[in-house]
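Paired with subunit B in one complex and with subunit C in the other, subunit A is shared by the two complexes that follow.
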Partner chain A sequence: MADSVGRQVDSINHATEEDEKKQEIIRAKGEGKELTKEEKQRLRKEKKQHKKNKKDDRGPPEKEKEKASVPAPSKPATQSPAHKAPVPVNASASESPVAAEKPAKSKAELRADRRARQDSERASKPGKKEVGQQSTSSKPKATPSELQPVVKRLPEHVQVDDPAALKKLAKKLERQQVPLRSDYGYKVSLFSHLHQYSRKNPPTQQISIPVTAIHPSIVRLGLQYSQGIIAGSNARSVALLHAFKQVIQDYSTPPNEELSRDLVNKLSPYISFLSQCRPLSASMGNAIKYIKKEISNIPNQCKEEEAKRRLQECIDSYINEKIILASQAISKYAIEKISDGDVILVYGCSSLVNHILCEAFEKQRKFRVIVVDSRPRLEGREALRRLVKKGIRCTYVLISALSYILPEVSKVFLGAHALLANGYVMSRVGTSQIALVAKAYNVPVLVCCETYKFCERVQTDSFVSNELDDPDDLIVTRNGKTHLENWQTVKSLGLLNLVYDVTPPDFVDLVITDLGMIPCTSVPVVLRVKNVDQ
Partner chain B sequence: MPGADKEMDLSERIESFLSELKRSGSGTGSLRGSAETARETTALLRKITAQARWGNAGELMEIIRKEGRRMTAAQPSETTVGNMVRRVLKIIREEYARSRGSSEETDQQESLHKLLTSGGSSEDNFRQHFPHLKANVIEAINELLTELEGTTDNISMQALEHIHSNEVIMTIGRSRTVEAFLKDAARKRKFHVIVAECAPFCQGHEMATSLCKEDIETTVIPDAAIFAVMSRVNKVIIGTQTVLANGGLRAVNGTHTLALAAKHHSTPLIVCAPMFKLSPQFPNEEDTFHKFVSPHEVLPFTEGEILSKVNAHCPVFDYVPPELITLFISNIGGNAPSYIYRLMSELYHPEDHEL
Partner chain C sequence: MELQAVLMAAGGGSRMMDLTYNTPKPLLPVGNKPLIWYPLNLLERVGFEEVIVITTKEVQKALSTDQRMKTDVKMRLDVVCIQEDADMGTADALRHIQQKIKTDILVVSCDLITDVALHEVVDLFRAHNATLSMLMSKVHEFTETVPGQKGKKKAGEQRDFVGVDVTGKRLLFMANEADLDEGLVLRKSIMRKHPRMLIKTGLLDAHLYCLKRSVVDFLVHNKSVTSIRGELVPYLVRKQFSKSLNSKTATEDTERNQKQQDADHNLELLSTSKDEALVQLARERSCWNDHRGDMSEAYHGGKLRCYVHIMEEGMCYRVNTLAAYIEANRVVPKLFEEPPIHPTAAVSERSLVGSDSIIGPFCQISDKTSIKRSNVGTSSIIKEKVKITNSIIMNGVTIEEGCNIQGSVICNNAVIGRGADMKYCLVGSGQRIEPETERTNEVIVGSDQLMEI
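After this line comes the complex of A and B, so read on.
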């Protein structure tokens, strides 16, 4: 009670102060004087405080925690406009868009206001009185509804060479009681900014039993990821969502807590643990964003059972829509592109491409398939098994025999891990090579990808953001001789086991998605459409 | 009778050589280097010249041609054998012409007029008997042998002209010529080497360990990552099995992908190949170009259930067209691929292209 009165008094004070400040600004602009940096910062802070107070007055009576949570993210928000460089904030802070959503909007508004003020100040350098009107008119115009200036925070997993970022991560993981995984082996210097883990030391071995901080189904999932038992972006996302369903089922709201906020906080250590086991894929990132949004949208009056049921339904419908129905839609489009007598080349094991080929075979299309595989993962053998079981005629080669086999091929179907906003296709390493050679032989390349794998990152080469797999996988024994057996002891030898690479859009002729058949360069259009829908 | 013994000895040598050729061609990695094959072939030809019975140059050439046909039939993919036979035939022609006193060299000029007028008149000329022809031919073959001994050193001597410091060089598989080339450069310059392992035989692993012994920074990558890392590579240096008549290559599989990736990033592609690898073959001969080995390297017998329903291929060689190659480095210096036809005319006589 006393608080609200105090706040009202404060707001009145703020209002008067604010008016004074406004007068000051208009006076300063009228005189053509530029505000100094400190004055600008002070103004920004006051404006922010004023807005916050206005919101608090207008909003429904809120609990203590809300008040605490809103100023806390607003503090980094006030700092970030001052620091123009992106601060490497930890993954959990960046991945909790729910808590940051409200201040994010005001942050964006603030930035737009500041931009408008800068524009007007720039115009006021010649120093005319009409600027005053210009500034007031430009301020409301620049409220961003479409141009959301996103501060891109650098993800942790590409900052391994920065000791400050590593320390921050270690502290965060300690707080969340998640074990920190250490790198293994000599890293090639070009990739010193990425992690390189060994499959023999999964992080699950470092957790004490009984596990209190992490749910057992998440521990199991993490182990399956780190050992490669679950691989492939669709499989990983589906497994993740099922594990989250289990978590939600077992969750019980502690007293004095809101489900919509507490559950999100419970999920953060799980996500850190999973990303320690294996870096998250783009599809998993989108799925997590969706779940967090759904959780935070649960109204407060909802009973726990009702809320849980609703969340389970949301997850089920997400899987159904984005993965299962999407693959059926893509198959429908793709089958139009397969004609009788075709020789189709596929690479590795993509669940979507396998599904398309099986569907086409059931629809009585006559074609044969060439499966291209590569060391060390040899995923193509799995695809080969599935296709042969269906009864499709297959040929199998390694990727070094590509130039030999390509003159026979009429089409190439490739799967994707993610589609980047600049049109590049991120997929299993070797995909770009296949696209390159296919282009040289004038064979059309079709990429099949669901829209939930589209991501807003941009990347031009395979170095800046990638995943390094266990280097011991490259060791092979032939005729009883293992040449690379003691590669760790040899000083100048490094083994590089990349997982992903990016294919430039000029190698790709068509992308088949559940929204239709689009060229590679239309990815940002689809992203924009999706954001508007949401 | 001594003559008969010598003949038996000779034919034994030839038979053992043929059987070795047949066995070594299974492609499972412990190949005899082509330099060794070339040396042994030349030594064998010298022996034939010394011990076989022949009266004039024409008969000698017949004998050598016959043995050469048998040797190339034993292992068609080992082209150095055929190349050495052709070199020796050219030597015989030259020595014969020198003994006769006429300058046969003028006949080598490719002129349409000369082709039409001179026609098949050279064939009958080889019937004349010259007493010193045998000695001359054997001496010339000895010179050829010394040249063969020094090819790798000649190529490595040029290494410092092409590699500067802090470069990133990419190579594929295992080539003794490239190994010597890089090791020679590493004595004076510091650079990095990326080796593509070249599945399924993974000769790249041997190459990497051998380069590491000379303290060269080496990285082994799987074949699938060739395009991904190509943007950071300054030069691509490869060896080859054969240099074809049009300037193209018959190299280990995966080389065409490497060449295309290098072209895409405008990275120079340098081929280190000694002259005895130059062959008058063209790449369009479908039947003889490709060589296949057992597909169990690709799809092992442990995958038994699907093995019977699947076609698996394991080709050994790749064709690289001359447009993708920047430079040939051989024991006689550096050449562009467009110059190869000229070098060939100096090494082999046009009538010997078909043995």
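After this line comes the complex of A and C, so read on.
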């Protein structure tokens, strides 16, 4: 009887405990984070007590609870009424057992049920406690470090307007002896979370000549990236791997270190430097992941020369498989889609699309090409040169004339910078425009992309993660007059030079990869298969 | 390691013999520091940790004994001595130190005073994988009167013709007026590849070159090249546009051309790197081109590239003539953060030292002297009532009372007698000027320095 009463009191106290906790959480959030440590300690103590109370059904639970609550830190005001609450409850509960003696058997059954319930709760308590609390308290996370991070850490390059992230980056770069490149000019507010560098302030301004902290071939590569001498996803990856080959060649393991761990550490400042010169592309990211994995997989007893040779071979085979052979496979598939009499529209200069068209021309397909180009990069001129040199009949327009020539077009071939996990295509700015207009005219859009550019990121708009190029590129001099010369003096004027945009999968009819021709929505499947392979 | 610095300090200063007959050019004081300090300071500021200095024994001795040099210059100096009378050109000197050279080199001349941002020159060298990258600057007109110059400055000085492309960075053509007989000859192949060329004449070559290692190896094989500026640079600039080795038509040439081709062969082969295939692949896939309007790929497929960085603003002087020396002395004190009057100099209270003058250590300036717009060197003694304007007094000079020195250059250890009046004169090393003399616009040197006819 006393037990049942005790149980009832127990359950009431449970309820009050949870209410208490809710109130505490609410209070903790209201009063700032300085007090949460003590709160956490107390919460932990109380949880322990809670568990103990569940364990010994007999015994004076109220007294223990009061003992636990007595050494609590001074949170007098709201605590005391909560503590006072169980006391009168207890008092009243102790009076009620006299009346509640009658339905003893059902009470026993109830008790058994309750015990079973508490056992199951106790079993799932440690894992679910926080989540449960979270869901019960309908407010966002309360105690920070105890909870699992719900959101993955954002990469640094999309957090430029957060001073804490900037400070962290500055500290990391200082530790790695890599110069920090400062942003330039006024940034349009929608994109103020991205870096914007100027070509007039090269990243080599602050490093010494001759460079000591960074390998010379990496410095050369960074300069070539920042000046645009090496541009285009494939070219950047190949150049990166070439530079890594030279780094590995010149590397020598320090004493008491292992190549597999030390070489990876040596590569980190180089990668930071390259990302300061120009944000890394998705293909470069995948290549770096591959290299790091290969390096860590070198067995310890492998001699240095042998290890270096193995790594060089790995790099060569990666380039061969993922880039050269992949482009040959893609051309084979794509050529099936090109029929005689086709009018093919291409945008900008994609090395893969150019390769496909040149191969198709060699295989005696009869088609003509319309090259669409856009400022400020005007990369289409280079594509035009390569196609015309081969002998293909070409037309050249700017993107503003797109809807004018689209009625003539039978197919659109687009290159991609990366394919995202939700099927969106990230490519040069203007591509989504082309896909949209082509869709409106019912012209099929085919995207050609190697599988090593598939990326696990998910993006539905072009704002969240993009790249801002030098705004001075937009300035043009016509008839000796440069109107935008002093654009910085006009406070309300911002020049925006975006590099990438994302195209939704509804506008893309087919993606041609080295694994075959797949619809846009099958990208996550490919990624999953790739991960399983690795 | 990326670059090794080589400082050429063995030159004789043949265009200012009056100053250099007793003092070697690298040790001439400019702004109270030896001339060689300036390029060394430039290299140190940029981050070099060691320099190979090619010089004569005299200079080496002076460098090792000079206390101030030891404290000012923190880099390690690897001094290589060559015989003074060996008459070695700069390219010969490079051949001499070929064993020490392990990477690409940065060659600097000892008479260069500049505040250029060196990364501009080196970035061109790195980014385009160039064979040669050099520095040039707009020529400043010298405004100061030069002692001993009779009549107007010769206008017919040998000009340099420098041809650059539209971007102003790629070096297409370089010739000196002396080498051209009647007119400027431009090859059609250059015009076909670069239809727009800007030819500039008012440029000063700073003699600062970034050279690839393969060029040094090429020099070893071709012993006929003696001077970098005179022969090697024009050769490299010309070689950019000559037919590549793959052309089949080159097989029927004569013996002489065969030797020439062997030389070319060396340079091209030496400059190809190990992983050429990957570099080629990256360039193919990249959508960049350095020129527009014709069908060729980036750099026209050429392997040799020469670049130049032309300084628009900033200071760049080559101290190889008297006029340049005087101009440099005028401008250089602005570079320093040191106080104009050295703390160890004993400057009397009743003397007047202008704010644009600098006084070297251990000087003694007596009462009632007035020093305006002048540089006074180490351990000089200036007695009372002396008026010095617009002049350069070198080390160890004694100037007796009552002298009036205007616009002059007084070299080391000279003595000017009392009451002398020197206007726009140059007094050579160790000379004595009698008291109460009046000289205007003269060069006073010892009789042993006069040339034999």
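Here is the rule we use: the second predicted complex is superposed on the first by the 382 of 534 C-alpha atoms of A that agree within 3 Å, B and C clash if a C-alpha of one lies under 4 Å from a C-alpha of the other, contacts with A are read in each partner's own complex, and residues count from 1 in each chain.
Going forward, a residue touches a chain if its C-beta (ideal position, glycine included) is under 8 Å from a C-beta of that chain, and two chains touch if they have at least 3 such contacts.
Bear in mind the structure is a predicted one, so any value in this text is a computation, not a measurement.
When the two complexes are overlaid on their common chain A, residue A:495 makes contact with subunit B while staying clear of subunit C. With both structures placed on the common chain, the touch criterion links A:351 to subunit C but leaves subunit B unconnected. In the superposition on chain A, A:400 makes contact with subunit B only, while subunit C stays out of contact range. In the superposed model, A:381 makes contact with both subunit B and subunit C.
When the two complexes are overlaid on their common chain A, residue A:476 makes contact with subunit B while staying clear of subunit C.
Within subunit A, the residues touched by subunit B in the first complex and by subunit C in the second are 381, 385, 388.
Contact residues on subunit A toward subunit C in their complex (touch as defined above): 202, 204-205, 207-212, 216, 219-220, 223-224, 227-232, 234-235, 238-239, 241-242, 245-246, 319, 323-324, 348-349, 351, 379, 381-383, 385, 388-389.
By the touch criterion stated above, subunit B contacts subunit A in their complex at residues 28-30, 197-202, 205-206, 208-209, 212, 215-229, 231-232, 253-254, 256-257, 260-261, 264, 290, 298-299, 303, 305-306, 309-315, 318-319.
Subunit C makes touch with subunit A in their complex at residues 1-4, 46-48, 103, 106, 117-119, 122-123, 126-129, 275, 278-279, 281-289, 292, 295.
Interface residues of subunit A facing subunit B in the complex, by the touch rule stated above, are 188, 190, 374-376, 381, 384-385, 388, 394-405, 428-430, 432-433, 436-437, 440, 461-463, 474, 476, 478-479, 483-484, 490-498, 501.
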